[in-house]
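Both of the next two complexes hold subunit A, though its partner changes from subunit B to subunit C.
Up next is the complex of A and B:
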């Protein structure tokens, strides 16, 4: 009891002074406390005193305050680290889409042969967002297509009576690993070719994510029309995707001022694009054939 | 000798009293128990209320909630509708009887939950954006538990998957909405909206108890329910975030989220 009354008076004195020092038991709470000294108004001090007295155990009080200050510090640290690795503004560029863009882009992915103008449009050397430019890559379609693929894989396995929730996680992580490996391989290739290109990691992620649309179409056709339908859809979507990637990457990598002519860097980049395009049908087949039996 | 023993016991240990000191020794023990119960109850209330931060200012609560928390905590702590003089009592023992009822202190308002549920159940009625200003997680958790319970009755004990997928799905949709819209949303708001729109999925899973959904009828029903859920959720998101021309774009991720639950329910 003597401890309680002494500590309580000590704590209340701190509050009325409105400049709280770190309590003797928890040294780390001074960061959370001293940053907002104005949070203890004078009339609130009496309330705080009675609250302190009411709770009967200021240790719990301090523990709560400690926990909440640690939580807010943790949140700030997470935000800071995240902003160091991922620039949110650049990422927001890839999600600035609307329904018309998504519809047209999906049509382009399935039938790219009649599209004439593949160049990306720039305004003052800054690429236009996907809302305004059909040729700009976006990350909304690849993300949605990836998740739809995982769900479809679950459905297909469920129809074959092979479903369990762990299988969903397995499918998702396998596909994710393949995407990362492909993006890393493309980054490595671009680095080795020492090509100055406008393609950032997010661009490569977007272009390698577009294959999931083809995968979804193949799986749906396979589920509806059997194995033959699957192979036909596979052939169609693979060729469309290869054409799309070759045409897009060739013009996307050029940048706002296009240097025409086959410089050696350009040739290496062309081979890289062709290699990436040829890889697409293989990976589509690898990730979907076990779903359609 | 027994008298001396009893007095010695009365002085030293309060638990073993006999004779005249009996009643006096029992009282401090009881008071300590009551005090401990009071403290633990208050700790629980405070910790629970922290999960339900509201953005509305309730004019009836006159106690500034940040007097015993650092002011870096931005949310409102309590929403007690009455008892403004609650904290000005001086003794801790008497206030046990004068405290507000538990549900009121916790901020669980069944009337509000019921009204929000009715709003969700009718996807054709336009919603006002202010409905989701209070991030109330009680209704969503209730619906998740109901979903898990109906799945259990259908023979699948998958509570862990339900909670895990709802947490991860809420995180993904929260990230997506923050990247797609100019105004941001908080995680609590997203979790609250998605949780309330989970109610039709509970209906689907209770259908699965009586007949198997693995057939054409089951697939069509599941697709209908997914559309219902995602239309409600996207309607509320659109009105709360004022995103024009993007309702289908917001509805599709919600449809994928509810599709996950439908997968769990059907297969």
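Up next is the complex of A and C:
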């Protein structure tokens, strides 16, 4: 009884107290904008009106308009500078892929020994995009493989309880730096050997980026099957990648008219290709062995 | 060997400095890598040595002024931030 009366008293007290200042469970945005100053502007044509009404301060309005014009100008400047350094159309060529191409290319990277025709196809002296030509290099697979490698490195380190966010960033930048150095070395070698090929920087970046697929497979096998599985997968992916690189670079560097050039240039080019191929297993081992200890 | 992008920049800066320091008269001519000894005519394909000499000469010519700027900035930043 006392309990009930106490409860009743509490209830009445609560009720009288509740009316003025009970906190709303959700913001009521149906009618008044002035109730919640930062709140949701009405959709449609009322936005400008509501913005004016919200801030109610012409200086702030001008500042917002100025800021948005500055932002659009900045965007234009960024676009212009980007177009000066990176030809976006050439970059788009490398990302024109589809699912069938990606699947076949991944299969080719793992088992290139039965592929017969390695020449790239051209239509009126313009190389066909990767969608139509299996032998064309692309940048989609290397990019995705790099991101997957970074995530996988984080997972592997987490399994070994050695994870921290700095290590992840370090892993990512290390892998990226090695690829850049390899591309620079290849560019230097191609320049010194005066090979007249249509291998642009992006082609070399693509061919260097294919090693990430081998790294991912080695790390996954190492995580699933232990150290022995890691070495087996390392040997298999290294040899497949070496074969792939040698065949691709030999036909790609020769170009569409397959001139060949004088003898020393040819030999240098061969050494360059073999050197690039021999470098792959080393770098795959270097970048992954600390993950499968 | 854990690389950060900053260490790559540092290594590149040091390499370019090393190329820029090679003195034309005192050093390169003495080992036969001077720029007037290399150009072998327009006929045949240039060999590796002349390509390398061309590369050194062009790097030194192009990067002389930017190197001054980048070196100064690096020195100031290293003094300030260690």
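Keep this in mind: the second predicted complex is superposed on the first by the 228 of 293 C-alpha atoms of A that agree within 3 Å, B and C clash if a C-alpha of one lies under 4 Å from a C-alpha of the other, contacts with A are read in each partner's own complex, and residues count from 1 in each chain.
Basically, a contact is a pair of C-beta atoms (placed from the backbone, for glycine too) under 8 Å apart; a residue touches a chain by one contact, two chains touch by 3 or more.
Because the structure is a prediction, the values reported are computed rather than measured.
> Could you look at A:61 and tell me whether it touches subunit B, subunit C, both or neither (first, second, both, neither)?
In the superposition, A:61 contacts subunit B only.
> Between subunit B (first) and subunit C (second), which, if any, makes contact with A:232: first, second, both or neither?
Neither subunit B nor subunit C is touched by A:232.
> Should A:106 be classified as contacting the first partner (subunit B), the second (subunit C), both, or neither?
After superposing on A, A:106 lies clear of both subunit B and subunit C.
> By residue count, which of the two partners contacts subunit A more extensively, subunit B or subunit C?
For subunit A, the partner with the higher number of touched residues is B.
> Enumerate the contact residues on subunit B facing subunit A in the complex.
Interface residues on the subunit B side: 35, 38-39, 42-43, 46-47, 50, 63-64, 66-73, 87-90, 92, 95, 158, 161, 172, 176, 179-180, 214, 245-249, 252-253, 256, 259-260, 263-264, 266-267.
> Which of the residues in subunit A end up touching subunit B in this complex?
15, 32-33, 35-36, 38-41, 44-45, 47-48, 50-57, 60-61, 64-65, 68-69, 72, 88, 91-92, 95-100, 102, 140, 143-144, 147-148, 151, 154-155, 158-159, 163, 165, 168
> Please name which positions on subunit A make contact with subunit C in the complex.
Those in contact with subunit C are residues 170, 173-174, 176-178, 180-181, 191-194, 261-262, 264-265, 268, 286.
> For subunit C, which residues are in contact with subunit A within the complex?
1-5, 7-8, 44-48, 51-52, 55
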